[in-house]
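Shared chain: subunit A. Partners: subunit B in the first complex, subunit C in the second.
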Partner chain A sequence: MKSLSKANLSQFLETMNSKVRVYVPVEQDGVSRFAPWSQDCQLVLDRNTINPPKRLFFPQTEELYEYQVDKQDASVKSLAVKPEPFVVFGMRPCDVQSLKLLDDVFLTKGYEDIYYKQKREQGIVISLGCPEPEETCFCDSWGVNPARAPLADIMMIESEDKYLLEAQTEAGEKLLADLSGQLTDQSGELPEGKPCSLKVKNEGLMEHLQPKFEDPVWAEICRKCINCGTCTYLCPTCYCFDILNRTRGKQGVKYRCYDSCMYPEYTLMAGGHNPRPTKKERVRQRFLHKLQYIPERYQELGCVGCGRCIKKCPVNLDITRVINQLWEVE
Partner chain B sequence: MNAQTAKIREIAKELLEKQEVQMVIGWEKGTFFYNSTPVFITKPEDVERLIWDEYCAVNLAKLLMDYRHVEGKVALFVKGCDARGINRLIQDKVIDRGKTYLIGLPCPGMKDAGKAAELGKDKAGEAPLEAKCLRCTHPNPVVYDVLVGEEVPVTGKEDRFARIADLEKMSPDEKFEYWSKQYDKCIRCYACRNVCPACNCRECVFDQGQTWLERAVERGGNQFYGLVRAFHVAGRCIECGECERACPMDIPIMDLHHKIAKDINELFGDYEAGLDPEGPLPLGMYKTEDPEEFM
Partner chain C sequence: MCNCNGSHNDNPLLPVVGKIIKIVEETPDVKTFHVTSENGKPFTPMPGQLGMVSIVDVGEAMFSVTTQGPEHLEFAIKRVGTLTDVLHEAEVGQSIGVRGPYGNGFPIDLFKGKDVLFIGGGIGLAPVRSMINYCIENRDDFGKLTIIYGARSPEDLCFKDDLFENWPKVRDTEVHVTVDKGDDNWKGNVGFVPAFLEQINPSPENTIALTCGPPIMIKFVLQSLAKMNFQPEQIVTTLEMRMKCGIGKCGRCNIGSKFVCLDGPVFTLAELNQMPNEY
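Right, the complex of A and B next:
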């Protein structure tokens, strides 16, 4: 295990950034997100970012390929670019777990999404454990330890005036070895953090929900929802996207862009039929997708308990309260 | 429990028991002390869920749209801004005043929930008012069937156009840079539109595939979205500030709406939307003496 004095954090990041592009959690124009490190950036290390780090691996808007059409001739050129290796510094254990879920979707079941894969392979994750989760956090109800991210390359946690770092993969070991000048050897083990105060009952939830598709409770739950996309766009595990064209004359670009099951247009079919015509169906889809469909398909919950949707929902439609309400249904 | 909460429960209970309304829309306590969230009461025994406290910032008017075609009346608690939202929907022919029962609540201003969360429960009393409440000109409901409590004075905590004075001083390039920075943050979740009582179109132009705007989230498209929405609610915006409160990216959306409201005042005389559902809309009519600088 290594230790890094808090006073040397800036130097540490600067040195790392001279070897490999580093993304850090920052506050910029009143909103927090992961952005490239610079000396004058405003680091946010006391809470998680509002914009999830999934955006580094799966951006909201992403070009896929260019095309050209001229009479009978057509050509296509992929725009998939393998990025230079990069480091994501300060990703919370919930968000690291979200990468596992995105991996399931983009890399398994017989199809690999090259655009996601190239970024995922080149990204080195330094996770920052949470000594004290925020009140909107409930990751430990889903089995995530707020102070540990087993999938991260390096696990880091605050301990008084320093950070303790432990490499968990080969890439992590190599990175720490490259930065050994900035670090001190340290004995002992990474400290544990405090548990989350917000709790939900997890065990058996998928089975409980399976027969509830037609339950009248959904008509109750959906009432206050305004069907905006805030929850889905801030969610670290939501992955839905639409594929669109930008055609100019004989050429154009195919790109993808986040889409949200909260929008009526999401399921609108050619001819005008909409299988999810009201907000009841749309709200049900969002919760069942996370709590039933993803667990059925990937044996993992589709929520990591980061609490962003609780924090930012304009009407406080809180997933933990929805789950409690669903548990009350016989 | 405060006296007004007891009173609103009593009123709601009576309305439901006498079957004068089939639903009461109000607020209940949400996840944390700083969350008061919309609730829909249909049974008299559920009125105990209703509350009235310093976190009832959500404007309920828009939620009434889901019940505009139901049989019978729906009751709604209205602060000043909710009441103006109701007038907006009546004037836009979206809801029928005869099918609503409005319970007016003079509003002392709501606490900024985000700041209260940061301060914690013990110090929450020090939290400032929501930005939208600081600039509120009508804390008392402008339309209601019954009023709970005494009207509150309009304190005029802040001039509603104060914040745009600095923006107006900027050069066009500075303005472009400022707004680019703001709208570069936009994730196009459409929370500002969906929460807005003036955004009541049956089908929004931004939901018509890519007919008018590409889905790509980028500078030009984001600004186009923000501007089109601002102009579409011009002269109809009731200045409830819900767009800005709902925005997860902290974009100062109300600055756009206030600037347009100020321009309308200067061009066509003082006007505030949502005060009178019968009155003419400044941009929905013309007079021969209207300014015609562009002609």
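Right, the complex of A and C next:
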């Protein structure tokens, strides 16, 4: 294990950034998000970011290929580019866990998404454990330890006037070795954090929900939802996307961008049929996708308990209360 | 820029750019497009599998491959939206993006050695046709073929050459055609597909029924099949959903935990009965 004096954090990031591009949690224009490190950035290390770091692996908009057309002729060229290695510094254990699910979606079931894969392979994750979860955090109800991220390359935890760092992968060890001039050897083990105060009952939830598709409770749950889609954009495990064209004259780009199951157009077919025509079907889809469908398909939970949707939902549709409400249904 | 002659297995979202080599006008709003690429057939699908078709600067949509030749794929496409409007205006020589094949296709082993009852309505005959032609090409592997097909009017019947010329000539094959509303020249049956099916009354014994058509037709066809004692395991259908990626990533075509693009589009009624009713 290594330790880093808090006073040296800026120097540590600067040194690391001189070797590989480093993304850090910052406050920008009133929103916290991951952005490239710079000396004058406003680091946010006392709480998780509102914008999840999934954007570094699965950007909000991403160009897939370019095309040229000329009368009847057309040609295409892939825009998939393997990035230089990069470091994500300060990713919380809940968000690191979300990468597991994004890996399942983008890299399994017969097809690999090259755009995601190239970034995932090049990203080195330094996770920052949470000594004291926020009041909207409930990751430990889903089996995530707020102070540990087993999938991270390096686990880091604050301890008084320093950070303790432990490499968990070969890439992590190499990075710490490269930065050894900034670090001090430290004996002992990484400290544990405090448990979350917000709790939900997890065990058996998938099985409990399986026969509830037609239950009238969904009409109640959906009532206050305004289908704004905020929850899906901020969710670290939501991965749905649309594929669109941007054409100018004879050339253009095919790109993808985040989409949301909250919108009627999401499932609307040419010809007018919509299998999820009202907000009841759409809200049901969102919760069952997280809590039943993803567990059935990938043997993983689709929620990591980060609490962003609880914090930012404009009508306070709280997933933990929804889960409690669903547990009450016989 | 490449013309994507090779396969793009490393990037499944990138289409092969081929060309339309023939267009058949089936009905006033359905055309069949024959598509090939510089390297021949863009891919070789099994019956019931799908292809993502695009006019590259307009958009992409998923269609069943209605049949194939040694060098080309055929897509029968109804004019219903933005992309299909542009496709219907296209002429032979137009470049077309294609990627696939996607989906599970029809469960051939389930059909082998059995009589097959095909029930199609409107453009729903397009995916069914891929299986009909497969059965004809491998005629000894299947028992009696019964094809029941209906459309709104005589001019709305798709694949007229197959219905009235090619398929009736095939050994041990019956073709029954109906229209919702006839015209002065129509000598055949007038009536809806479910009632027509009950009138023909095929036996469920050692038979697999394959149906595809508008949702309302499927609903009543399933009721009719149940009346005739077909079991859910003997009934196969193929579903449609909005799709963007075709490879189980973009999210929108799920029914419960199944993705229609990967786990479907073909399901038995027994499978559908286990899934949420949301399609």
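Please note the rule applied: the second predicted complex is superposed on the first by the 327 of 330 C-alpha atoms of A that agree within 3 Å, B and C clash if a C-alpha of one lies under 4 Å from a C-alpha of the other, contacts with A are read in each partner's own complex, and residues count from 1 in each chain.
As a working rule, contacts are C-beta pairs under 8 Å (C-beta built on N, C-alpha and C of every residue); 3 or more make two chains touch, one makes a residue touch a chain.
Note that the structure is predicted; figures quoted are calculated from it, not measured.
Asks: In the superposed model on subunit A, is it clash or fit for subunit B and subunit C?
Replies: Pair status: fit.
Asks: Quick one: the Cα-centre angle at subunit A between subunit B and subunit C, nearest 10 degrees, please.
Replies: Superposed on A, the angle at subunit A reads 90 degrees.
Asks: On the superposed three-chain arrangement, identify whether subunit B or subunit C touches more subunit A residues.
Replies: C
Asks: Quick check on the superposed pair: does A:N227 touch subunit B, subunit C, both, or neither? Answer first, second, both or neither.
Replies: First partner only.
Asks: Which of the two partners, first being subunit B and second being subunit C, lies in contact with A:T61: first, second, both, or neither?
Replies: After superposition on chain A, A:T61 lies in contact with subunit B alone.
Asks: Using the touch definition from the top, say if A:R276 reaches subunit B (first), subunit C (second), both or neither.
Replies: Touch partner of A:R276: subunit C, not subunit B.
Asks: Just to be sure I read the superposition right, which of the two partners does A:I50 touch: subunit B = first, subunit C = second, or both, or neither?
Replies: Touch status of A:I50: first partner only.
Asks: Taking the superposition as given, does A:V69 touch the first partner, subunit B, the second, subunit C, both, or neither?
Replies: Second partner only.
Asks: Which partner does A:E135 contact after superposing on A: first (subunit B), second (subunit C), both, neither?
Replies: Only subunit B; A:E135 stays clear of subunit C.
Asks: So, does A:R321 touch the first partner subunit B, the second partner subunit C, both, or neither?
Replies: Touch status of A:R321: first partner only.
Asks: Now for A:D242: first (subunit B), second (subunit C), both, or neither, which partner does it touch?
Replies: both
Asks: Between subunit B and subunit C, whom does A:K119 touch in the aligned arrangement: first, second, both, or neither?
Replies: In the superposition, A:K119 touches no partner, neither subunit B nor subunit C.
Asks: How far apart, in whole Å, are the nearest Cα atoms of subunit B and subunit C in the superposition?
Replies: So the smallest C-alpha to C-alpha spacing between these two chains is 10 Å.
Asks: Determine where on subunit A the residues touched by subunit B overlap those touched by subunit C, and list them.
Replies: In subunit A, residues 242, 259 are touched by subunit B and also by subunit C.
Asks: Where on subunit A is subunit B touching in the complex?
Replies: Those residues of subunit A that touch subunit B are 29-31, 50-51, 60-61, 135-136, 198, 220, 223-224, 226-230, 232-234, 242, 244, 246, 255, 257-260, 263-265, 279, 310, 312, 314-318, 320-321.
Asks: Which of the residues in subunit A end up touching subunit C in this complex?
Replies: 64-65, 67-69, 72-78, 80, 105-106, 109-115, 213-214, 239-243, 245, 247, 252, 254, 256, 259, 261, 266-271, 273, 275-276, 281, 285, 288-289, 292-294, 296-297
Asks: Given the complex with subunit A, which residues does subunit B contribute to the contact?
Replies: Within the complex, subunit B touches subunit A at residues 30-32, 35-40, 58, 62-63, 66, 117, 181-182, 185, 187-191, 193-195, 207, 209-210, 214-218, 242, 245-246, 248-250.
Asks: If you look only at subunit C, which of its residues touch subunit A in the complex?
Replies: 1-4, 8, 10-15, 17, 19, 55-61, 78, 80-84, 91, 93-95, 97, 215, 240-242, 244-245, 247-252, 254-257, 262, 276-279
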